[in-house]
Structure formats: structure tokens, C-alpha cells
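The structure's right below; bear with me while I get my questions together.
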């Protein structure tokens, strides 16, 4: 941080600050010229990951005040805490919504931006009680699905899969309300904290459980039914080579799997493309699957274990 | 965060705060009714992940004061720092222990809770010097096992596998002292920071090394011998389908592998069930293994590389 | 944190602080004796992960002031912000460089340490504009390569692969300037935040894109060309068994793959050893590859999907 | 904070830490022996000035949410904020009350301490609406009494005399509820921030105004009526020499002035002893007064100005 | 902060939160009704003392970067620091200006408020170099005037009188630019930190020095020439009784002293009313003065010391 | 802090940042030219008030660990806390000492500066136990001298006079060890927090008590005996007019009073010049005294009270 006096001579500081600042300025100018960023658009602010992290943390407390809220809370104070914290979180969200909308709408339509942001925030707020009920089913599913789980509270406090699904359900709500950038930032907050990478566009039914979670990837157009259970490193991805003949990737079309109710997918399974995993199927660990399977399928790696060598 | 004056009219605020607060209140009431949470039990506090993160950070400094403690520390001051910081950490741990015990013991037995918490904290403290010696063997193993390692200090400062094993050894101690919830929270702190998911119940011998680490999963009843080395994405898991005929998962029985001394398991290997990997075995990358192998086995994927296609 | 008065009797505190402090002291003494740490060398400070995290955060703002810098920044203020923040970051880096150099150079050569630290910091600063231009190509590559990407700005703000490559390019610069410990710490910061583990020694060309990213491992001597695209859980690692007959691992030699221009490697592929993936090749998901392939190869898992079982 | 490497030799550190620590230990032991502090009583915690500062800050927001509370608050959210913040403040106050009561009650009566603390906190809470109404009269008095005041809001936001009286009214409530130590700490917080030193025992009527305030001292047994106005450096003190013939100060008896309704006391006036300033009196600047004056008195310095010299 | 489990029964919490919240709500409603605060006006935000404290701190660094700015600053980086920090401070000031203007202008004239705020901020910025030069004269005056001063730098770093005059000159600028509420808040920040209470309206010439400072009060319409020196507890106040026959204080008229160039006023002197202290006069300690004195006057307390008693 | 989108047009920002930065640059250049500040000397860092505030806070905890240290401390942990905190404080002090010495010694004598700083810090540390014993006498004197004091602990926790004397005794030690600038900064910290302004050069005996304290000023060369008691607004100052015929103030000579043992000085008394207040004297409130008085004197204002007017 600091240095002792004798090292502080003029010639000590070998970096040429002005030169580096100038060259960085030129690098920005080249980028802006290339991407048609006028000074005006370049001035726009972007939503803030730090702000969204705080919002999400507050919303977790709002949804589960006694378990994820502040330590001293008692039941008789819950509503005060919930009301005050929710309002703070919505105000902060409103600001972030304005920033996102400001990137895609005409700059001079400030009133329109503000009105749309308020509408989104209001509808987001109205959806929260439903999300709470939905996440309650996820918690119960995790408790039922893990032999190591001791209580529903331990599940809520400790399980990365639960944290990931809470944040996904918030992110998905933002995605549906036309705030895809905020949604994506929330999804990446979950990804950093849990290693679970669920695109906010993915539609996921109730009673969803991911165990361990690290390396799970679920794509934008995936559809997952009720009572589905996944383990670590499962991929529900797009098939490779989904770009056209000119080498341009195709965008926006449905390209990720449909997983029907009551499916279990074990660790490391890779399921690619717009295929359907029929209801009640069980997909084994490390299975590579690019075609639909009917309800009740039990897919396993061929010859697992038999490929092993023998001890010397 | 804030907005300019003209947007602040009554009608601006489109969310109905009272309505959302009421509905969230009802959602909590439904959950509590379903899970038989009386007001009394609902008032109980839960241990805090933030508190445990601070405790763990302090304990890392206590165990390795010159390398993980505060910057200005010198050897002549070490004991003062260690004594003061350890005492702070133990006081904070004592509080968290009371919270965990308060969840499982009768509420009105405050004296019993306090006494048990003190006993656990005292025994935990007494175990620390032994843990330090054990972790020293892990550091030496990492240095021996990684060609890129330049010094034992670099290993301690940088390697996620070392961070994960330090936290596991602390968590396992808590697990053995009947504080499984705190243990689990510590394990999840490590999981978030390193991508290594070791259940605190796993028993791991000296000289243990995990390289890279992301995606490693080690289950609750796994037993690992001395001088074992793992790479990223190795799973020591339970076999699938371990629930009974009624669909209820079996809990508590030994269901994860035993890995004997001097075993090496390469990246992506999946080893499932209560099997034994005999002493000195080498398990190749991506191997899928659900049966025991004798000492000295060298297990590799069958036909690796030969399944590849050829260039067009 | 605190406890109510009645629990505060002498006998409440069951830990023997002096005893634990003494035993921890002895454990340190044993380690230092074993590793020939004199008191003098034991006094040396180590670089700080927290300090580097702050430096890296500042440098991200310096490189991309409008998007990763402070919220209120406008184009007309950019240069002031960039100059001031860069200077702060370089001063802080200078301190960390002195700490790293102090570990490997004779302690009494303070002037030499200071001079070398300044030279490194100066050359690091001079490299930043070039790094900015290089990272711009990475951002464009990510935008081109992901059908879900809506804008180059979303890519910079949200994509963990972009965050990982920004930090890698900074870390690699430090690595090349003979600050391997700082480089490694920066790499591990990226690893913690993104699940992407790139050794700072890896040489990576322009237009590089990692999608999703969790579980990617790229080794120290890997060489990656231009326009390469990787997906999650790809390993570019060393072949196993690369220790000599005495069981000592071989260090420093080239042992990781060379990936030529325009290669795509899908999720979960494992590529090991000093082999070459020829230009324009496509390596399929979960492929295990330990031999070189010529340009234009398309390698896929043999019999993927055909090993599946059938539904009951 | 830190120093460059060359200065870090053994002999650099010229302080003998162990010696100083030992001597400080002995100094504490001497004090404790002299004041009969057993180890047990020495262990008691003392209330915390920092904790009370936070409590007082929260209470100011609770009393005046739109003006002293958080920036984004709106009228429709006020009650949520007030309820949540008040509850937090009362919980924190409860802890401080336990600490104060623990100093004066038998240590082993924890239940009694807790019960009394709760009763005090509850009665304190019940008094807050009345205090708000009382302080409203002070704000109106300040607005009426200062020609520079532009609005009642400016008075509340800016005037040190208002800040001092808010804190005094809180402190006096604590004093009346038998928490004199907490009361005194609150009074000293006001003293530090405003230079106004009002003993929490002083009884002060409505519509009270202190202008400027620095140096005002009001003693423990002072009684002040309604609509009284003071200026800076006014002392309402005890008469000197109020110790007995043995040189021991007399304690507890009424020894400070009674100031009746509608009195104005100008800057620097010193009023000492249990005298009465009759209703509606005006006491001039710098007046020294140690006898009662009847209602309607106008007391001024004799010969003010006439003692001045003339220019050379 | 927290309490042990046994005290957490329902009946423990003796405060009736809902009751107190309701009564506080009613108290606010009474106040608003009395002061004609509609819901709309009640929603207005007030400027923030904390925000202004941060702004003032930044401006001190901008004015004196090497001495009051950040520790590591060097001359070659000064302009970057000054530009960035100034811009931040002005942005923050702009927000506070909008809040003040929003209190006095029609709410629906947002554009007008914004434009006026920008104009004030711009003119404030333009005045800063002149203020720096003016404060330089104050520093030199302090150095000349105090026999204990060792250097001009010590004066700037340590002297409360210098801190008070820096803040006054900033506050006076705001006052002149029609931001009297912000000006007053800045003045009260200085008052709290130094005990010096200068109304921001006071006009003060160059080379001004206040020694010690505690208790100094300078009123709104005071006019002070060049090279004036004051000591602690000097009052330049309004004469008492300056309200009209109806008891309503007269507002806005010139009511504080004019102090001409080169006057010295010793500690405790009280000078009241719109009188003139002629150039070069010396006013003795504790003098009470309510009439003008010609240039060159030397005013002392009559008979100082001679009123003393004799030892018993 | 932030503003809504519509206000963000180019022309919104009316300040000319570059212009103001340039003019501030010129103002600095003029000052440096006038005061012969070369670039080299201009680079020197100054000691930091924030750093000293933290040091002083730590030292208060070191001196009185159970009462001014951290909340959870117990007697059995005191020495660990004291040793660790003292060492931290001394390291931080060492850095500040180097900065002060760097201002007065040749810049290129870094080794000499470091050695002198270490010697001062070491001697300062060695003096702490003696200071603790001395301050204990002050606490006892305050308890004896104030009829409102309930315990010695209340005195230490609450009394501003005690806080001021603790900081003075620390500052005076620095002053005696030739660190007058640090000493002065510490004195000003006390001044800000208590309104008591004691020059660090003042020599003060044991059992010293200041009640209330606001406005007390004690000059650099004052000498105060044992068991002396002061009240608020007492000045022990230099006589006015102590500059020579050329108008240059005389510096460094003894110019403040000598107050012998057992003297009491009541509020507002002004005692000026190198006079002696004989042992056991009592100086009344508001007395103005510029001549020595023999032991046992009782000095009061002549005709106090008799100058009063009568009620109309």
C-alpha cells in the first residue's frame, strides 16, 4: 500500500501515466467507432451487478424472513421487516429497470421508460407470493430427495441447488417481464455462487431439485416439468452445429430439451437438442443423449465398468 | 437508487405494498401450518452463514498466522494474535453452536444447551493443533503432486484444493462433535469458493490432494486413506436407485466408496456405491466405476481415443 | 456474538486458551524446522489475495470505464477516472510485487527489489492498451458465438467466460513479467468467481470464447490459437503418469495441448498431453483425446446414444 | 501501515512487547486490588457508546421518518420502516440495559435483570409518541425564536440545539426509568456533537430552544419551565464550594437553578445554585447570578460597555 | 445485540410494537395537519448531512490534494485525482441541490429545478480556484498569528480554525448561489467538528484567523474585513430584543457587527448589533461591546484584575 | 447521487471540468512557488488524522481493555488482546512517525529516519504503563470531584474531561519524544470530540480533573501541579500583545500560567501570562486574572450579582 521514504524519488515511478491513459483513450475510441457508439449512447449507464446482488439478498429475506432475514427477527415483527425491505428492494430494482430499458428504448422517452419500469416492478412484486409457494415445493423436493438432508430448514440454509432455484425463479420472472439483462445478471450471480448455470429463460416446474449442482447447465429454451431431479454436471444444452451454412449461429428458436414430469437425470448426463425426455424416465450418469425417449425410459451408459482395465 | 423529482407522484408507485405483504404473510402461515411450526418454534434463530464465514476466516489465520493472518504480523507477535483471534472465533462459534443446539433440543433447557455448546467449542479448540499438523501434510502432498507448484507457500496461498481441505477438516471436526448443521454450512462455504463439494461426514486421511477441484463431489460416508490424490470433477458418490420399494430414499447407511491409501483418481472419474478402491490403484479420467477393485488396479476407459471419428 | 449475564461464570469457558496457543506455537515450530524456515525468512510477508482482488477490480474499471467503472461516469470524465484509478492500482500492485520479489531475492537487496518491482509495474502498465484491444476481440467472439447473446455490452457485463479471459490476460501479463505468484493469485480469483481454471502460463490468441465455463481447466503450457471456442468442462491438461521412474513429477516441460486457430471444443471434452489439435477442427462433447489430430478433424464420441438402454 | 523490505530485520523492532504487556497487566492488577475488583466483577461488560450512538440514530429516524430517516422513504412506507427500525432499536437497547443493570444488581439474578430490562424498554417505547409531540414544540419554538430560520424543516435538519434537545429528551426518559448510565452516555453523545452539555437528570418543559449552543451547561437537578430560550455558553450550574467541612462534596441534593416559564437567558450568563428565575425574566449576556429573581426581572451586566478604554 | 435462548419466550417482549407505531403515526398526522403538509409535500426528500459531509471531504481533497487528499498521491497524479474527485463531488452536490430546490420550487417544474441546480453547481465549481487562493491567505495568517505554529502545513493539517474557515468559504459560496439550506448544513458540519459557529451568510475577508475557536459565534449579516484575528468564544451577534412590539422577531435586516480590516478580538469578547469596529482596533478578552468604536481603538475590560479578592 | 435518464444530455453538465482543474493546478503552482516547495518536497506525505484516530482508539483499548476494549473481552484473554492490539498500534504509529520525521529531516536519510522513528515508538511504548497509572489518578480525581459521579467506571466511560486527559497524556508523550506534529493532531482529535483544547506541550500533574470541559484552553507552556480541578471555559492562555515592536509574534518562550498543586479554577475564568497561581488557591467563575496570586488565595469577581438590574 505504501512505501518507505527513500524509494520516493522522481525517477522511481517508471510508468508513464499520461501515455497509458492516452492509449487507453484511443482504444476506447476505436471500439466506439467500430460499434457505432456515439458519445450520447456511450454515456448510458448499465445495470449494476452489485446493485442486483443487494436486491436479490433483500428479496431472499423478504421471501423467507425468519430463515434468510436478519438474525433478531421474531414472528411479530415479520411484516414490518417484510414491508420495509420489500419496498427498498423494489425501489432499487426500479432504478435498475430504468437503466436496462434506457439501453433499448429511445433516450428521450424518459416518461415512457419510467412508466414501463414501474409496471414491471409492480408486476414483479405481485408475483412474489406465488414464487414463495413455488420455492416451498422445491425445498420439500430437496428434503425428500437427499438421504443426507436432516430438515427442511437445513435444505433452505445450506443447499446450493436451493439457492440456485430461488435465484432462477426470480430471474425467470424478470425475463418474462421483458427485463432480460437484469434476469441474466441475476442468473450469473447464482452461477458464481453455486456453479449452477441456468439461463433465465428456462421454464421449470414445481418440486425441482438439483443435488450438488456444480457444472449444471440449462439452456434458454429448456422446458422442465414437475418433480424433476438433476445431479451435478448435467447439461440440458443445444445440439452442436446449430449454425446455418454461412456459419452464422441460429438464434431464438427452441433448441434445448423438454424434460417431462418425474424425470431423474444423474450426474454428468449430457442431453442436447430439442428432444423430449418422456415422463418418469431415468437418465443414468454420464449418458450422452441427443434423441427423444418415451415415458418410462431407463437410459444407462452401455457397458459401464466393463471397459475397465485390470490391475497389473 | 434515487430518482429525479418529477417522477415522484402518488400514482407513480404501481406496486401495492400492503397487498404483497399480506399475501407473503399468508404464504408463511400456510407453510408453518403444513410443517407444524408453532409460533414458538418458528421464532428460533438459525445459524448464520455470514457468521461462520468470519469464524472460518479467523481460524485460517489462527492456524497459519504468518501466511493467512494479517499482513503486518511478525513472529514475535504471533502468539498474541493467535490467542486473541482464537478466543474471538471460539466465542462466535459458541453462539452459533447454541443456535444449532436450540433447533434440536427442548427450548426450555437453556442451561443444557449452553453447557453442551461450551463442551463442543472446548473440544473443537483442543483439536486445532492436530488439524494444523494434518493440513501441513496436505500442503506437502500438493507441492509434491503438482509440477507447476513452486513452493509450499504458493500452494497454501493459491490452491483451491488446499482451501477446500482446510475447511473440510474444520467442518469434519464439527460434524464429529455433533454439530452437523454448522459443519454443513462450512462445507458449503468451501463449495462456493472452490467448486469442491465434500460432505463434512467424509473421513479423509493425511497427505490429501485435490488438483483444480471444480466439480469434485465426495459423499457423506466416503472413507479416504492416506496419500490419496484426486483431480477435478471426480465423484465419490452413492449408487443411484438407493431408495426402497416404496420410493423412500434410504438414509444414514454407508453408501459411498472406500478409497484406500495411495490411490490416484484422474479427472472426471465417477465412483459410486459402497465399493473399495484397493491400495495404490490408479483410476483413469472419466472412468465410471461401480464395483470394487483390488489393490494395485489400473483402471482406464476402454478404447479411449479409438472411438474418434476421422477428419473429413 | 454475545451471551446473557448468567452464563458468564469462570467455569463457563471450557477451552484452555493458553494450552491451545502453546500447541499451535509448537506446530508452527515443527513446520519451520522441517522446512528450514529461519525466523528471518518466516517474517516475510506474502502477497494478499484481498489486495489483488481490489487491484483487479480497479483494472477492470480502467480498461472498460463506462461499463465496469463507477456508475456516474460520463465520457468527458473518463480520462480523469482512468488516470487516477490506474495510478492507484499500479501503486498497490507495486507493493504486491515487492512482496513477491522479496520471497525469491536476497532480503538485503531492498533497492534491487524495489527497482525490479517498478520495472515490472511500468511494463505491465504499458501493456494495458494492447490488452484492452485483445479483450475487445474476445467480447466480439462471444457475441458472435452465443445465440442467446443480445449485445456486446451484455456479454461484457454478464458472461463468466469474458470475466475469466479478462483476468487471464492480466494474469498472463504478470506471468510473463516474472511475477508468477501474483499471476497465480489472479487466476485463482477468476477460478473462484467463474469456475474457469486457466493457468496464467497458458498462451491464448485473440477472439477467444468460453461458454458457460464451469469446470474448464487449461494447463500451464497450453497454447491456443485465434478464434478458438470452448464450452464448459473442457480440459486441456497434462497426460497422466508424467512423473519419472522415481515417482517424482517432471516439472516445467511442455505437457499441455496446442490448439490451433478456429478450433471448437464442445463441453466435457478432455484433451491431454503435448498434442496438436489442427486448425479448424471440431472436438465433440465428452471426447477423450490423447493424440494429435490434423487440421479439419471432426472428432466425436463413438456410438454416442447407441449405448443407451431401452425403456422398460 | 507497512514498510519496505529492507527495514525488516530482527533488530528493527525496538519495543519490548512482552515487557510492556506485563507492566500493563500489573497496572491493571494494582487498580483492581485498590478498587476491590474481583476477577468476577471485573469480567462484567460495560454499555457501549457505539451501540448507543446507533440506537439514538435509529430512534431519530423512528421519531421523524421523512426528515431524519432513510432517503428513499415515502409516506406509504413509513409505518413499515418505523415498526422495523423501532424494534431493532429496542432490541439493541434491551441488551445495553442488561449491561447497565448487570453492574448494579447481583450477578446471579439473571432472570431479574432480564425482566427489569424488558420493563424499562417497554416503558421507554411507550413514551416515544409523547416525546415526539414534545420535540415538535421545541422545533416550533426554534423556528419562532431565530430570525435566520427559514422553515421548521431547516430547524430540525440543521440546528444543534434541536439535536441536543432530542437527545436530551431520550436521555431524560432513560434517567427516569432508572438507567442513569445509558442516559449519561446519550447525553455525552449530544455533548460531543453539539457542544451542549445537559445532564440527563435536568427536567425541561415544552417549547425549549437553545441557539448556537456551544458551551451550554445544564446541571442534574435543574428545572426548566415552558417556552424558555437559552443562548450559547449559558451555565445553569451548582454553586461552588458545595462540599462539606471535610472537603467531601455533597451529593444528590437539589443544587441547580429553577427557571420558570417564558424566561430568556442570553449568551454567557452564569446562573448558579438552587435559585429561582421568576417567570418571564430576561437574563442578559455574561450576567453572573447566584440569587433568585422575581418574575419579570430584567437582569443585565452593570456598566456594560462603559468599562471600555478609549482609542489611543 | 443478541440474547441467550431461555429468555426468548412470547411474554418476554413487553413492548407493544403495533401500539407505538400507531401512536407515532398519529403524532405525524397531527404535525402534518398543523403545518399544512399534504401527502405530496410530505413526500419530498431533504438534503442529507451525510451526503454533504462526503462532498465537503472530497472538496477539501480537491483544494489541497497533497495535504488533504489520499495518502499515496504524487504531484504527477494530482490533476487526475482532482478532476475525478471534483466531478464526483459536483455530481453529488447536484443531487443535493435538486433536493433543496425541490423544497422551494413547484414540484412539477422538474426541468426548471434541474436547470437551476446545474447552473449553481457550475458556478460553484468555477469559484473553487478563487476559494483556494483565499484560503491560502488564511493559512498564512494563521501561521503568522500563532507563536506555536511550526509550519504552514501544520496549520492546514491541525488547526480547527482553518478547518472552520475552509468550510465557511464553501458554505458562503453556496449561500450566495441561493442554496441556503445546503450552506447551513455545511456550516453545522464545521460547528460540530470545531465548535466554531459561523453563519454561512457572514462575509469574511482574506487572511482571516481564528485561534482555538471553541465557542466562536458569527452571525448571518456580519461583515469582516481583511487580516482580522479572533480568539475562542468571541461572539459577533445580534443585539438582544430585536423583535418588534408584538414579540415577533424581525428577520433579514442587517443586525450583526461590521469588523474592519486588521482588527484583533481576544477570547470571550461579545460584540453585538450592527455596530462598526474601526480598522486596526484591538478588543480585549471578555469585553462586552454594543456600540461602534473608531479605527485604532483599544478596548479592554474596566478594572480587570482589580476586582479580585485577596487570599484569606 | 444519480439522476433519471432524461436529464442526461450533453448540455446538461454546465461545469467546465478541464477549466477548473487547470485553474486549481495554477493555484497550487503559485502556492508552491511562493513557499519554495520543489516538486521533491511537495511529494512528501503528511501524517494522517484518520490513522492517528485509529491508533488512539487502539491505545485506549490497550490501556483499559475491559472498559474501552472490545465487548466480549474477559480477564483471561486480556493479555492476548493487549499484546496484539498494542503491536498493531505501534506499527501504525511507526509509519506516522516516519512521515513526520520525513518532513523535517533530509529526504535521503531514510535509514536515519527509520531508526529515529523506531526509537521514538519504543520509548513511547515503554511509557504506557506509567501513563495508565497516571490516568488512574485522574479517574479517581473526577470521581471525588463530581457530586453526580456514581462510579469510577462511569467516569471513565462518559466524562469528556477524562477522554481529553487520556488523549493529552498520550499527545504530551509524543511531544516530549520530538513528534510535535503527531502530538498536535492527537490534541485536535480530543478538541473535536470534547471541546477541550490542551496544547500537547502543557505539563500536567496527577489527579487532574476537568468538569464539563467545553471551551477549556490550556496553552503550550502551561504547567499544572497535582490535584488541580478546572471547569468549563477556563483559559490558561498567553497574555495578549506578546509580539515584538515589529509586529512579529514572539515564539517559544514561557508565556502561559503556572498552576500549583490543589488549585481549583471555576468556569469561565481567564488566566493569562506567565503568572503563578499559588498552591491551594480557588479562582472564581469568570474571573480575569493576569497577575500572580500567593498560595491560598480566593479570587472572585468583584461585585458579582450587584450589577444586576431590577425587574420592571
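Per-chain numbering from 1; labels A, B, C, D, E and F assigned in written order.
Definition applied: contacts are C-beta pairs under 8 Å (C-beta built on N, C-alpha and C of every residue); 3 or more make two chains touch, one makes a residue touch a chain.
If you want to know which protein each chain is, UniProt gives these names: A, B, C, D, E, F = serine O-acetyltransferase.
The shown structure was predicted, so the numbers you read here are calculated from the model rather than taken from an experiment.
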{"item": "Longest centre-to-centre distance from subunit E (serine O-acetyltransferase), chain (CA-based)", "value": "B"}
{"item": "Furthest chain, CA centroid comparison against subunit A (serine O-acetyltransferase)", "value": "F"}
{"item": "Degree value of the rotation bringing subunit A (serine O-acetyltransferase) onto subunit C (serine O-acetyltransferase), based on Cα positions, nearest 5", "value": "120"}
{"item": "Distance from subunit D (serine O-acetyltransferase) to subunit C (serine O-acetyltransferase) - Cα centre to Cα centre, in angstrom", "value": "55"}
{"item": "Cα-centroid distance, subunit E (serine O-acetyltransferase) relative to subunit F (serine O-acetyltransferase), in whole angstrom", "value": "23"}
{"item": "Geometric centre distance via CA averages, subunit E (serine O-acetyltransferase)-subunit A (serine O-acetyltransferase), whole Å", "value": "50"}
{"item": "Two or more partner chains touched - positions in subunit B (serine O-acetyltransferase)", "value": "1-4, 6-7, 13, 17, 21, 39, 43, 71-72, 74, 77, 79-80, 82-83, 87, 91, 95, 98, 114, 195, 214-215, 233, 268, 284, 286, 301, 303"}
{"item": "In the complex, subunit F (serine O-acetyltransferase) residues that touch subunit B (serine O-acetyltransferase)", "value": "1-4, 6-7, 70, 72, 74, 77, 79-85, 87-88, 91"}
{"item": "Residues on subunit F (serine O-acetyltransferase) engaged by subunit C (serine O-acetyltransferase) in the complex (per definition of touch)", "value": "1-2, 13, 17, 21, 71-72, 74, 76-77, 80"}
{"item": "Subunit F (serine O-acetyltransferase) residues touching subunit E (serine O-acetyltransferase) - in the complex, by the definition given at the top", "value": "1-3, 7, 12-21, 23-28, 30-31, 35, 39, 42-43, 45-49, 103, 180-181, 184-185, 187-188, 191-192, 195, 197, 199, 201, 214-215, 217, 219-220, 233, 235, 237-238, 240-242, 249-252, 255, 268, 270, 272, 278, 281, 286-291, 293-303"}
{"item": "Touch list for subunit A (serine O-acetyltransferase) against partner subunit B (serine O-acetyltransferase), complex", "value": "51, 62-63, 65-67, 71-72, 74-75, 78-79, 82-83, 86-87, 90-92, 94-95, 98, 114, 118-119, 121-122, 125-126, 128-129, 132-133, 136, 144-148, 150-154, 157-160, 193-195, 212-215, 232-233, 264, 266-268, 282, 284-286, 301, 303-312"}
